[in-house]
Amino acid sequence: MLKRSNIVTPKEELDAFYEHLRGQHVTPAWIAEATGHEPRSKAVPFVWHWRDLRPEAMRAAELVGTEQAERRVLRMHNPGLQGSSAANTLVANIQIVMPGEIARAHRHTPSALRLIIEGKGGYTVVNGDRIPMSPGDLVLTPNWTWHDHANDTDAPVIWLDGLDAPLVRMLEAGFYEQFPEEAQSLGEGADGNVAKYGAGGLRPAWETPGGKYSPLWHYPFTQARAALEKLAAEQPGSPFDGVILEYTNPATGGPAMPTIGCYVQVLRPGDHT
Amino acid sequence: MLKRSNIVTPKEELDAFYEHLRGQHVTPAWIAEATGHEPRSKAVPFVWHWRDLRPEAMRAAELVGTEQAERRVLRMHNPGLQGSSAANTLVANIQIVMPGEIARAHRHTPSALRLIIEGKGGYTVVNGDRIPMSPGDLVLTPNWTWHDHANDTDAPVIWLDGLDAPLVRMLEAGFYEQFPEEAQSLGEGADGNVAKYGAGGLRPAWETPGGKYSPLWHYPFTQARAALEKLAAEQPGSPFDGVILEYTNPATGGPAMPTIGCYVQVLRPGDHT
Amino acid sequence: MLKRSNIVTPKEELDAFYEHLRGQHVTPAWIAEATGHEPRSKAVPFVWHWRDLRPEAMRAAELVGTEQAERRVLRMHNPGLQGSSAANTLVANIQIVMPGEIARAHRHTPSALRLIIEGKGGYTVVNGDRIPMSPGDLVLTPNWTWHDHANDTDAPVIWLDGLDAPLVRMLEAGFYEQFPEEAQSLGEGADGNVAKYGAGGLRPAWETPGGKYSPLWHYPFTQARAALEKLAAEQPGSPFDGVILEYTNPATGGPAMPTIGCYVQVLRPGDHT
Amino acid sequence: MLKRSNIVTPKEELDAFYEHLRGQHVTPAWIAEATGHEPRSKAVPFVWHWRDLRPEAMRAAELVGTEQAERRVLRMHNPGLQGSSAANTLVANIQIVMPGEIARAHRHTPSALRLIIEGKGGYTVVNGDRIPMSPGDLVLTPNWTWHDHANDTDAPVIWLDGLDAPLVRMLEAGFYEQFPEEAQSLGEGADGNVAKYGAGGLRPAWETPGGKYSPLWHYPFTQARAALEKLAAEQPGSPFDGVILEYTNPATGGPAMPTIGCYVQVLRPGDHT
């Protein structure tokens, strides 16, 4: 008759055994904190207000040059987490580039999104393609793509960065490389990725995206907003989230980046998610 | 020592044997026409001129009602092929719907594309979604989708049909079903498939396309033309085909339909493919 | 009010119009034979008895050498089909190689299976790998793989060929090439594909199959029979087909060949499918 | 002229600003430890010797019943890591089940492998299928599969556990559930997963694996050893790793579990990886 065995051992004897085990780099796992029945996040809900962060970004731009800082970013750390990430697998930054400045070219295995908050122009160069940045735009720099940022306007450009750095660190897959020049050289055109992959249901028949990442790196807000407004007027959307669109990789129909899903949502008057 | 065997048998004896085999529904395959080293198409290059076909379509509309013809289509048959297909795996038709007419709802396993040639409006209903038809538009009715056509304008609507019927027939997978009503009922909106899946790099997060076919059934020519013109101005395109775009299934990034690839191409002055 | 139009035209006028259309290589599709609601195969059920075919194969071996016939194959043609295929998309042959003979090396885009019926040995060489052939074995020569057959025993080797040639022909994708030598040269080993890919749930970590076809070309009957017998003793199997196994491509878990599914089935006493 | 900006600010002023930022849950990321150019693992190479661990496992079995411990496992913690995992994403345990004992049924989202080290029998039940455990066998309990362990022999059964728990915890995807009974009920047969999916290149045509995990949960060492020995005798294997086989999911050809790759390797006399 098979059954669970029942053995009662004096506490002191057990404690001595456990202590002995630890000396051998072994843990008696049955006394560890019981596994929960559901995940419990250590991260806590938290709001960083723009009215607070913007002045800090401007102040940082006064005090620190892009010569001093590879990237001038304010990293938001979640009060519930150790380290400096906003969520368990994601880092969130406010980054600012002042008129006339560039942030030099590099690449890394963490993937990044940029959601433009403020600015009158400026651009990011991704693998040689010059991508304009307007408020509301989503700009991707997928893993291991060369990228530098520049501001050729007379107003600051400020955006939100999102990176999967904590996940990449856990997977011990973090690589980083400086570009040999300060910035990538630019050809005549701009935003070629949008011309080729940004039109719905069309792809350039003369090329096959080589990498594992999306060939589309720029999702202009004008397009996303038009799509949202049209749908908000005509369709109920999701019973849980209302009218919400996911940014996709047009070469696969899947998420914009494998490790970071990106969405844009409209809340109509009266909507309650 | 293994080698090819060499046996010389009198021709009459061989012929008698071959004749005997055929009586058993067996063919001596070694005397069959040798397999070619490359495919040789029986289909021949052929042009049907619009100046010739258009009057025939108008005449057909005079002589035959949509009550008489499930679909009023002129099928172009390739002079090199038996049967009535334009190419080995594809059928090509000119279809005309006159003012006030409908072509009743049905569905079938062959998939179809419609390339609108002429008209001031009219629409196709695909699985309940009302899709407007303007010249240059590509409209899909993928396999087993319900579809009917209607012309609510005062001018004829004429388009090119393309179907994979010969392939489906070879695979013995041809099914067909009449819709219980003359036409599908329509809701308020129109072109919901374009609102949801037609914007580049975006998808409605609240639904997952269930079937194996594209959720986008309408590729407006205005969008395709704008994309072509932008690329034609900025990019060299393919060294073989110049600036050519493939219509894709936005849910997969693959071809618009698995059995029929659809492309749109611009020839700039001086382009030579 | 949209509706189907009703136009009654005298038969002679219609006939004259139809005749005129045909002169322009156009068919009025609405008078064509109505599309059926379900596929209707032209192929008919038919049995070729082994007691009839075996003597014909032996007779063919007497009358025709492998010098005379690239392959000495008897092709079974379905009485319901034009041409010489056994089914709509498949060709079936009986092939015989006599003691001391080889059938010279070539390759083609149609894919082939060989199901060994009779023999005491012999082998097929697929892309340089020597594959022994025993009764019941399934041997694949996927599209564009080099293959030659040889019989180094003192008894005939006879097998069933299955090829997707009709489908390849329809797709106009038929290519064929002679190997520069009579036979491929052989190394020391044999059946390396089985050593590497034939063990369940294991793959050689040092190579990634390059092509689109299965890296396993030999499915020994001893393995299939053992698996069938074990399952037949322990499991009910399918309510429709009883205990039936599909041969798979171990690199994908999908069918052995994309265009030809291969199965092996046991009928237990009392089984009725 | 765009360039990097150069701003020199007194250290005290910077420090005060940084201090102020931290009060707002913001980190000036540019002063953080520079990202390395390559990943640097905190885990260190370490050997736990079987001669040391086996006595501890036996001692644990004396002192702690399976009534007291949901699982009687000794967890090896890497001296370079915080917490108690052996590597960054993996936990490794020694688990022991004594004669007559069972370890009660539960399930969890972390996936586990069991590599049997010692024993004369015993079994794991995975989703109702009774799986025998012999030394060298690999047994999987993929995520969210019910599993219990039992020892119906007169000798201890000891194995190595590997789990992706650290990764699951980071993704905040850890769920756990007790089975309503102490153990899953057993039918007549055993090892049905091997009968159906363990034979190379064959699959039961009457079922389609429903989940995202492998339908094969048992990789008997007799099979793996035979495959290794055959390959070791005939093939050079990898220039880096010699003759090494990966355990695969037969339904996809991919890894046995998406989060844990499993391999088995032979070192021939003279092999040097």
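For this structure, a couple of remarks:
Lettered A, B, C and D in written order, each chain numbered from 1.
Going forward, contacts are C-beta pairs under 8 Å (C-beta built on N, C-alpha and C of every residue); 3 or more make two chains touch, one makes a residue touch a chain.
None of these values were measured; they are calculated from a predicted model.
If you take subunit C and subunit D together, no chain is in touch with both.
Separating the CA-averaged centres of subunit A and subunit D is a span of 29 Å.
Centre-to-centre separation between subunit A and subunit B, using Cα means, comes to 42 Å.
The distance from the centre of subunit A to the centre of subunit C, each centre being the mean of the chain's C-alpha atoms, comes to 51 Å. Those residues of subunit C in touch with two or more other chains do not exist in this structure.
Chain contact topology: the protein chains form a single closed ring, every chain touching exactly two others. The touching residues of subunit B, when paired with subunit A in their complex, are 189, 192, 194-206, 216, 219, 223-224, 226-227, 230-231, 234-235, 237-241, 243-253, 256, 263-264.
The part of subunit A that touches subunit D in the complex is made up of residues 1-9, 13-14, 17, 21, 24-30, 32, 35-39, 41, 46, 48, 52-53, 56, 59-60, 62-79, 84, 88-89, 93, 98, 100-104, 108, 150-152, 166-167, 169-177, 182-183.
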